[in-house]
Amino acid sequence: MMTPAHTDYEFPYMEVATFMRAPLSREFSDAEIGLIGIPYDGGVTNRAGARHGPREIRNMSSFMRRANQTSGIAPLDLCRVYDLGDAPTNPFSVEKTVELISGFYRKLHDAGVIPISAGGDHSVSFPVMKGIGFDRPLGMVHFDAHCDTCDDFMDEKFHHGAPFRRAVESGVLDPKRCVQIGIRGSLPTTDFWQFSYDTGMRVITMDEFYEMGVDAVIQEARRVVGDGPTYITFDVDGIDPTFTPGTGTPEIGGFSTYEAQRMVRGLRGLNLVGGDVVEVAPPADPTGNTALVGATIMFEILCVTADAVASRRNDRQAAE
Amino acid sequence: MMTPAHTDYEFPYMEVATFMRAPLSREFSDAEIGLIGIPYDGGVTNRAGARHGPREIRNMSSFMRRANQTSGIAPLDLCRVYDLGDAPTNPFSVEKTVELISGFYRKLHDAGVIPISAGGDHSVSFPVMKGIGFDRPLGMVHFDAHCDTCDDFMDEKFHHGAPFRRAVESGVLDPKRCVQIGIRGSLPTTDFWQFSYDTGMRVITMDEFYEMGVDAVIQEARRVVGDGPTYITFDVDGIDPTFTPGTGTPEIGGFSTYEAQRMVRGLRGLNLVGGDVVEVAPPADPTGNTALVGATIMFEILCVTADAVASRRNDRQAAE
Amino acid sequence: MMTPAHTDYEFPYMEVATFMRAPLSREFSDAEIGLIGIPYDGGVTNRAGARHGPREIRNMSSFMRRANQTSGIAPLDLCRVYDLGDAPTNPFSVEKTVELISGFYRKLHDAGVIPISAGGDHSVSFPVMKGIGFDRPLGMVHFDAHCDTCDDFMDEKFHHGAPFRRAVESGVLDPKRCVQIGIRGSLPTTDFWQFSYDTGMRVITMDEFYEMGVDAVIQEARRVVGDGPTYITFDVDGIDPTFTPGTGTPEIGGFSTYEAQRMVRGLRGLNLVGGDVVEVAPPADPTGNTALVGATIMFEILCVTADAVASRRNDRQAAE
Amino acid sequence: MMTPAHTDYEFPYMEVATFMRAPLSREFSDAEIGLIGIPYDGGVTNRAGARHGPREIRNMSSFMRRANQTSGIAPLDLCRVYDLGDAPTNPFSVEKTVELISGFYRKLHDAGVIPISAGGDHSVSFPVMKGIGFDRPLGMVHFDAHCDTCDDFMDEKFHHGAPFRRAVESGVLDPKRCVQIGIRGSLPTTDFWQFSYDTGMRVITMDEFYEMGVDAVIQEARRVVGDGPTYITFDVDGIDPTFTPGTGTPEIGGFSTYEAQRMVRGLRGLNLVGGDVVEVAPPADPTGNTALVGATIMFEILCVTADAVASRRNDRQAAE
Amino acid sequence: MMTPAHTDYEFPYMEVATFMRAPLSREFSDAEIGLIGIPYDGGVTNRAGARHGPREIRNMSSFMRRANQTSGIAPLDLCRVYDLGDAPTNPFSVEKTVELISGFYRKLHDAGVIPISAGGDHSVSFPVMKGIGFDRPLGMVHFDAHCDTCDDFMDEKFHHGAPFRRAVESGVLDPKRCVQIGIRGSLPTTDFWQFSYDTGMRVITMDEFYEMGVDAVIQEARRVVGDGPTYITFDVDGIDPTFTPGTGTPEIGGFSTYEAQRMVRGLRGLNLVGGDVVEVAPPADPTGNTALVGATIMFEILCVTADAVASRRNDRQAAE
Amino acid sequence: MMTPAHTDYEFPYMEVATFMRAPLSREFSDAEIGLIGIPYDGGVTNRAGARHGPREIRNMSSFMRRANQTSGIAPLDLCRVYDLGDAPTNPFSVEKTVELISGFYRKLHDAGVIPISAGGDHSVSFPVMKGIGFDRPLGMVHFDAHCDTCDDFMDEKFHHGAPFRRAVESGVLDPKRCVQIGIRGSLPTTDFWQFSYDTGMRVITMDEFYEMGVDAVIQEARRVVGDGPTYITFDVDGIDPTFTPGTGTPEIGGFSTYEAQRMVRGLRGLNLVGGDVVEVAPPADPTGNTALVGATIMFEILCVTADAVASRRNDRQAAE
């Protein structure tokens, strides 16, 4: 384990970049929460670039300081959090990558580590879920412009438009406990996301989002997932592309970064068991803003997750 | 006519770029709706670059899929839509360009083609209107930071700040059936847009926009234009420049892309006879987001226009 | 004094760039309002670049025309406004720069010039206040993501996170008449901005901002500062970084440019004695949008300040 | 077949972009030379982005005018040249893409069309050679920083570092008639390109390049390939990355664009049967210069190839 | 006259930007050399943007210090040099702009001011020559990728591809005393620059340039222009576009900046009467390098011209 | 010590970025060569940004593979090389930073570690030399556009234009054993670098560089430094700014990256005791090319230094 030189006066441009300035480690044994990169974009149907996401999110995450000003949560003080490096991937094969990632996350799961990951394109969420949800299906709060529940493209099952269909089919995701927020954009056919509707996922389009308002969306999300184990997956293309131009499949008309932060914070208290931020593709954003948004959302997910982890630990200790 | 290789699995980066992946044609005879580029920016008073708008909008429009998720309209299925190439222009002369464009659109009009154009700076809207509105004055829904109804600059009549004054003076635009939405920014003199007010156009500033709310703005626009033939002209500088930095005369404090989409969709059912998206100047936006916004707004205009065209066709067929 | 060739037909890309196309002068005697650059960024704790702010704000300010469309104020017609060049600075020493700037502004103050400045990082606001507030403490309307009232970093007192603590300690700023709007972001410790709370500054976080709404925030700001002499300081990182990516310490989740304009306009009628726009760092924004936002906000501050200056002049003349 | 509106006064920003403004066609029957895009980058081991190469090369190729000033060759006047659109590809599978591309080029070959292609990463050159070289092995003039003759990575045979090993193994490339120019950069092991040396390819490193001089390099290349059928493959990373930053595997210390042009022109008179320009990855180059270089090199290859095609046609006609 | 605050310690980012930090003046009477911007790009046939050249060249020229290290010439010490602001232009009309510019330069000429200008596109060189060469034809050293001696495009005489044809026809330029260096690129027809050859201009293509070597090119240029009054016109597209991507008509394969500097310095001692640097189009170059090159070349031209001006002054004084 | 997951198939975008993928360590005891970042740019007189150099050089250095193709040197196989993190710095004070850096390097020196550093601006080279040269003066091979031997600016001794004057004055640098290569650019006064000439440094301007040729320059450098302990300092502004636009004080007319590589390789066999690459300022280069150049030059310096270290080790072992 290598502690980065994190001193009181260390400024964001200094030293090797790890996620949130967490110590870098290859050992799973001590970690409660693992921050992991998944540098893979072989599942995209348009612009690649998300393979560079983990490095740039690490870089920008140095802007994150210890405590969340809104909630008061200081995740690295609350839990044992490490940067566990990158998951193994194979840029030439979606199938092999699914195996590599799911195997890696299975080991994390077996070691009792809660993973928070930085993609990579959205195809990586399925193998993550496979690794950590095999023993009981997960609920999901899903921020995205797209439902990502369509079927094969060109005979390929595991592309970035289908992970949650695959996850439901594999039994690792419970569609009744899924909410999808921010859905919009043109479609190849009007029934393109029919799988979501047919399986009972709760789909909240941008039109419905603005009709309901942020607070009602939060309540609806909490209602859907209930108190079962829940995964947060945040595709940055859920946010409007003016905030996040560096992404593979931008769709105008999304929610704002403030609304995103509000919603993630609103998930505090749920039974959170992991999360990811995906589709940050730095080459498409010369300002670096997309990676900053990705890093900040990852920090927000870390805060609510650390709170859940600490809470479960306290419960366990109280029970002993 | 050349059909682009538009197959089910074609991804946005593949093949020659035509508007919305519509077939490319030089023949007007079969078209109900023509998508046309007008690569001209000789009318600008600041940054040029809109001459590159048509190519980049074509490029980004490959992101558009067949169907509008909100309305269900699939314009290329509903009507015969072609990319008819670029209108003729002359970069050295505003006067000659006005003649070239208006002549071209007159031919389209005579062939019964409804044009939806991608500029180019806003000076191109006057010759378009001249070509298609000579036989009866048009109503107009105009999204913009500027009224574009000022008088000559340096003895030049046809610059990009005056098209709608010229259109009213030429009798092709009915000011009583005009609404201008998004007006803001500093002015050379406080009465700079007096022509709009004097002729009875309905001017909705950003302050009034936020007081009214989007739904009321839509209703007001529909009330103003009524059921006469109506043209939609969308200057991307109506949108806030954080969404559309690639434009010649940016003014901060504009509406969002979601609000833009809502408003265009709200024009469904009007008697639409053409439209344009102008002032996309790609060199000023290294992220490419402006052209994506331009392409998406053009798609939204295409959707409501295709609905109107199909509806009129159905009415005609019913009448026969 | 050098009048720029400001003719009716001059377009934004023409001629040497001065702030708002005001005449350039080295003489203080005739000026009522001085527009001044402070090209200094030696106080930053992360990305430098704000030293280039004054040049780019001058450049983009050529987009500003004579009159404010919302308020009707035409500041260069209302007051004698000059571009007075840049304040002296020393890039190698924060201490020497504090002395150089405060000395320069003391001379402006003695000459009766009201200064509106373009930074530079936020460390420059303390020496400005020292120069113009030594004879009576100022009130402050402060737009920012950060309170900037923390203590020394690495034994350095004058960095860009502490100017308002230094100003209160020096007696040039009255904390009871201070309002800080837009506060957000992660913190090194949860009590990082305790000085603001302890001294009675009114801190409005983004959460509170959206709960209150813009109009209530304006009213609260007016209540806090009252009718005493008041300074406006606008850090562009108060605005969301999608609008202003070119800044040293971006924090997602800020207010919009429209909200910023509304708030500055809402300060009309206060007893305004100066203002600044800081932390525009052009190298971090290849679109140039940040400098455009900075220039427009500077123009809005100029409008309400010119109104105050003219009003006080009228009062004085009426009293004679 | 769709002729683009190529008139005397057409400027580079006008109309739909086809390669070199050649007419766009889906028919192979009439073509002597086909210009083809191969939008595929699934074979890369670092930065993706070359999938966007064909569109941007098409875009920039509008700068190319009819005649080569140095040689006087006007390729579109000399031969029947068409833009034949894009070859089919599958972003999810290298194997399937190899089959799709080689099948497509086999059809071109059977129709007697000489292909000049725009990649795409360098993995595409193997299936092209497979399509057009199956009946007799090709010679090759290869410009590149890398020999691209290494073996499998991660059990993948067809990545962008191995195409010419695969081509030799498949019998479509004669290593004795291969010359590789511009080789440089660090290596995983010192014998990384041993296959080139072992099979008798002529490897010219940058050090040798500058020792020999351009004219001697040209002579050596002509000597090596002799008068057999010869393919030109030009990886833009052969050129120094200051000229071509938009590429996946940049290596500093390459040759200049002038030297590149000189070398391609020096291949006039060879028995040329096809060529390609690969590894133009536009997202990594915000200036667009890389695509301009790619388009110009493609034009130079087209000129010498058109000369060869016309010459063979004349020989055939003379023989009849 | 306004002296910029040019002190010993002033760094490049400080203060209002004038050309070479020369004092800004509107008076011609005292100037020996005038530095002038010509913000016009209405003559281009492709990418606009050169209208922004003067501002960015002014900005980057702050990097220039007092003395030329190679020649020892310190032009602002040697002559009275002022930034005289921008020449008048009209973006809507090439014809009017020709009149405005030539009138302005005629006044400079009558006042005895030697002009060194920053364009603007190359169309501006003809009216400059008309203003200063009407009384005796000029010789010319012309650096460019293009001869710029073609005829009308679309009935327009004054576009940026024809200035030197117009100048010869007007009798202000002596073709026998013209040398054109750096010529290259594809052509619409092989005889496109026939006017240059027919009138006896000395055309040095890039191929000839590298055959001759820089020193021989300098000697040839000196031989051609002799000791008559000579104008230097430097189109930055003469340099390879990797150094100057920000230009309207880039052609790969040009000379380097070092070669450019060597050649301009080699003109010392000629009877120089003016010069310009044109076609710097900043929007196409996000690095700013093109404007730096433009500013440095303008400085080099200033150095050799100041030497000539001082020398003629000394000769006059000696003669008195 | 943390070994990065450096496996055979690891591609450049994967995992946490350390210099050259060397293991990250905080312990000096085992290292023969330490790779160190110095993220400081408080000494610059123009554009800041070099504080971000170490992170981006680390990032780009993942492109470096194990072995140098030209020399066959594989530095990480030859010596024990670690990434030792960043040296301590204080952004607010040049004086304190000089103390922090020199103290850190003294400790490295005492531990027997040979340092190769990535700046930071050039002011950092003086404290490095102070730390490692206090016991015997160093020779120096210095690549730069500037001699960096001027005196105080604004009473500041330690800015980035003076490090080698300070080093000579401190007795840690022997001017007779110094060579400065690439000198050019305008100067405040013609004798600005007089200190270099007066103390006997060998100054090779760009003019002399091209007269001599690269091989003669190498021989001259070897002659000057002889066989005493020698330090290599490489300011990337020595290279032409088209290759390295991301730097604080660009001067056109420099040498190429190939020439740079040749020269560094030509120093093999000297008694090398350390080196640095400075003035990489990533914010000024959106292509990332400058950091790639910096990383590659750092790799070249590492190769010749590792060869020297191994050679001295062998000599010592042979002597035992």
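For clarity, chains are labelled A, B, C, D, E and F in written order, and residue numbers in each chain start from 1.
The working rule: contacts are C-beta pairs under 8 Å (C-beta built on N, C-alpha and C of every residue); 3 or more make two chains touch, one makes a residue touch a chain.
Just so you know, these numbers come straight off a predicted model, no measurement behind them.
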item	value
Chain whose mean Cα position lies farthest from chain A	E
Far-end chain from chain C, centres as C-alpha averages	D
Between chain D and chain C, distance of the C-alpha-averaged centres to the nearest whole Å	56
Distance from the mean Cα position of chain F to that of chain E, given in whole angstrom	38
Chain A residues counted as touching two or more neighbouring chains	11, 13, 45, 47, 51-52, 91, 153-154, 242, 284, 286-287
Graph class of chain-chain contacts, one of line, ring, star, complete, other	other
Chain-chain contacts as defined at top	A-B, A-C, A-D, A-F, B-C, B-D, B-E, C-E, C-F, D-E, D-F, E-F
Residue ranges of chain F in contact with chain E within the complex	45-47, 153-154, 183-190, 205-207, 210, 240-242, 245-246, 249-254, 284-287
Chain F to chain A touching residues, read off their complex	1-5, 11, 13-18, 24-26, 37, 39, 51-52, 55, 58-59, 83, 85-86, 89, 91, 286
Residues of chain E that touch chain B when the two form their complex	41-45, 47-49, 51-52, 90-94, 96, 153-154, 156, 158-159, 283-284, 286
List of chain E residues in touch with chain F within their complex	8-9, 11-13, 63-70, 72, 74, 242-243, 256-258, 261, 286-289, 292-293, 296, 299
